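What follows is a group of structures, each given as structure tokens.
In the two complexes that follow, subunit A is the common piece, with subunit B as its partner first and subunit C second.
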Partner chain A sequence: MVKVTVKFFAVGRDITGSDELMLELPEGTTAGEVLIQVKQRYPAFEKVAALLVAVNLDYADTATVLYDGDELAVIPPVSGG
Partner chain B sequence: MSADDFAFNLITDRPIDVQALIGRVAAPECGGLAIFIGMVRNHSKGRTVRHLEYEAYPEMALKKMNEIALEIKSKWPEVSKIAMIHRTGKLAIGEIAVAIAVTTPHRAEAFTACRYAIDTLKSTAPIWKKEVFEDGDVWASAHA
Partner chain C sequence: MKIFIPTPLRQYAGGHESVAVEAATVGGALDQLVAAYPAMKKNLYNETDELRSFINIYKGDEDIRYLQNLATPLAENDELTIVPSIAGGAGTANMTGSVAEAAEVSLSNDEVRRYSRHLIMPEFGMEGQKKLKQASVLMIGAGGLGSPLGMYLAAAGIGKIGIVDYDVVDESNLQRQLLHRTADIGKPKSASAKATINSLNPNVEVETYNVPLTSDNALQILSGYDVIADGTDNFPTRYLVNDACVMLRKPNVYGSIFRFEGQVSVFYADSENKYGIKGACYRCLYPEPPPPGLVPSCAEGGVLGVLPGIIGTMQAIETIKLIAGIGEPLINRLLLFDALKMKFRELKLRKNPHCAVCSEHPSVTTLIDYEAFCGMPAHDHIADAALTSSQTQIQTQPSTPMSMQPTNQANGEITVQQLKSRMDAGEDLFIIDVREPNEYQIVKLGGTTLIPLNTVPDNLSKIPKDREVIVHCKMGGRSAKAIEFLKSQGYTNLKNLTGGINAYATEIDKTMPTY
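Showing the complex of A and B:
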């Protein structure tokens, strides 16, 4: 198993009610699979436009395999500036 | 090359000091300094904005800002220095949310590089704004 920290921001934090959660996942789990789990657990994410994921501070493809200690962030549409 | 060699980037919950930002990028070989200042506007999509609340994923936003600085240096090698500051927290109408300053020997590249910096920061840096209206609030761009 691998331990991954999942971080939420902005509308994502409002939906989940927390900044982050820890997941224990089978070896080989991808970023996209985590995103699917998150959407199943919190259906309100389906209403959010174009969610991206970042792994260890870089935008990542959903096929990115996660390793022990990785930090995955759920990135809702950005609106800085 | 590291972004630290020529760039100063910051995410802060303190008011942005534009004069200090200019001091960060001033260079004796540079005659041009372009600055972009993004301020809190009192309306959005026809609604009156009371204030804004900015949130960042600070570690990643800073990493993106450093990457933008490196991209700029490779696209426009004549850029001497660049500084980008983005504010977080609650901001009143008219307060500065973001400020970017770039110095170059001549003005044309300063404008171009500054424009590229703000456009790229807005589209890639993990920073979010919540628009607070008289009758509710919304995370900008969150919903399709």
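Showing the complex of A and C:
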């Protein structure tokens, strides 16, 4: 198993009610699979079509495999000015 | 090894794109280049034989300033690239344009005194200041972000500032939009911003565009400026500005805010930009907009007044760096700021090779209908319907079945006048207020029960089925949704207060505030 921290930002914090989530995942889990879990837990995320994901502060795509101690940031767009 | 010569300097190097040299250091390589092409000397070195401040030399992808400068050693297959910075002036090619232009303007004695704190910094100097004077920056939006941006750019001595904004100053803007003063309420923001900038620095030429930025006018307006700074307040305009910047090959200094959080980046997708970095654009990050109503605007979700001060100021710094050609721009980096945690994080970005607009084979090659693309209007003027749909998402209990779809159906309605006369008649009414507790603290009707929209499903026991239930919110949108939900739970005697508490405050009790 690997331990991964999922960080939420902006409207993601409203949806989840928190700014991070610790997950224990089977080896080889991808960022995309974590997103699916997050969406199952918080269905409102389903509607956020565009989510920027970063693993350890580096741009990532859904195929990125997560390792123990990784941080997955889920960043929805914001529009205010 | 090879030295790559940028387009504007090729005329001084026999028209060559690259020149082969043999040398052990960067300095030695440049000496050979100058020996072969003497006209290069004045472009590379100043009177005291130092490398000009607007000339950057990269070994591979590293600036020699961060290596050992001219003493940086070279190996057999190293590649050097000469990268002149922006020279200002109009036209689309100016970011890669002629270095010689920087010498064409001069500073008056007044200007020398005004900008002396810039001039005494060797990294900036007269050359940097002249570049600011020659440069033009277009601000999209004269609001929260545009305020510090416009004021610092003006103070810094940018030659020309364009302001696109067709909004008028509202009282609720003054908490953060420092370009506007109390006396400006009701005036066009573009005019108010121009007046503030002119009084701050009369040397700055200000051009105002008191119109919505649209697919019809964007290319024409943007093409007259060197740098575009996006401080707009809505998604359609953000996508429009991004796409227009990519098409015009202009840098887009991006800032965006949400309550206590902000984002800053520089989107500079031009493959021939002077930094030699293939920059991501906004669509590389967010290929699709969020669904309408999901992400609240400032008008809907609120914003800490100082936050745009931080983010807009960082946009001003990035703009000045791009123009003066100093430092490392925020290209391919997204800076996230969290005011509550007082934390910055930086994400590395990458150009999306399949980006719809900035990839090699883009599918979007002309400006489109961005309001249709985003499914929302290109402004953040408050509409309670949008507010309610955004707040419906705020659920922390996913197991609760919520089928609150927005509706425009005029179900049982009650006007504020009807409510008032029934209250005056001493009727025993059951009224629920479905706003948030912080809104309840701003202003409330007497004798109501507060049950925020998201908590309605958990509080059905508090809502009687056997009598009339009047539901209200701020403007009537959220209460309509609550009523839809209550109907699905078997409630039949429901009334929505038309226009919400804001209507009550404007039409019945003018001592009550609106917000």
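By definition in this document, the second predicted complex is superposed on the first by the 76 of 81 C-alpha atoms of A that agree within 3 Å, B and C clash if a C-alpha of one lies under 4 Å from a C-alpha of the other, contacts with A are read in each partner's own complex, and residues count from 1 in each chain.
Definition applied: a contact is a pair of C-beta atoms (placed from the backbone, for glycine too) under 8 Å apart; a residue touches a chain by one contact, two chains touch by 3 or more.
Source: prediction; values computed, not measured.
Peer 1: Touch test for A:Ala44: subunit B only (first), subunit C only (second), both, or neither?
Peer 2: So A:Ala44 only meets subunit C here.
Peer 1: Return first, second, both or neither, reflecting whether A:Pro76 touches subunit B, subunit C, both chains, or no partner chain.
Peer 2: both
Peer 1: On the A-aligned overlay, A:Glu27 touches which partner chain: subunit B = first, subunit C = second, or both, or neither?
Peer 2: neither
Peer 1: For A:Asp58, using the defined touch cut-off, is the partner it touches subunit B, subunit C, both, or neither? Pick first, second, both or neither.
Peer 2: A:Asp58: touches subunit B and subunit C.
Peer 1: Identify the partner contact of A:Gly17: answer first if only subunit B is touched, second if only subunit C is, both if each is, neither if none is.
Peer 2: Touch partner of A:Gly17: subunit C, not subunit B.
Peer 1: Would you sort A:Asp68 into first (subunit B), second (subunit C), both or neither based on which partner it touches?
Peer 2: Neither partner.
Peer 1: On subunit A, which partner's contacts cover more residues, subunit B's or subunit C's?
Peer 2: Looking at subunit B versus subunit C, the one contacting more residues of subunit A is C.
Peer 1: Of the residues on subunit A, which ones does subunit B touch that subunit C also touches?
Peer 2: Touching subunit B and subunit C on subunit A: residues 9-11, 14, 47-50, 54, 57-59, 73, 75-81.
Peer 1: Which residues of subunit A touch subunit B in the complex?
Peer 2: Touching subunit B from subunit A are residues 7, 9-11, 14, 47-50, 54, 57-59, 73, 75-81.
Peer 1: Which of the residues in subunit B end up touching subunit A in this complex?
Peer 2: 38, 54-57, 59-61, 63, 86, 97-98, 118, 121-130, 139-144
Peer 1: Give the list of subunit C residues in touch with subunit A in this complex.
Peer 2: So the residues of subunit C in touch with subunit A come to 141, 143-146, 230-235, 238, 255-259, 261-263, 285-291, 294-298, 301, 303, 308, 334, 336, 338, 345-350, 380, 390, 393-396, 398.
Peer 1: Please give the residue numbers of subunit A that touch subunit C in the complex, ascending.
Peer 2: Answer in residue numbers: 9-11, 14-17, 40-44, 47-50, 52, 54, 57-59, 73, 75-81.
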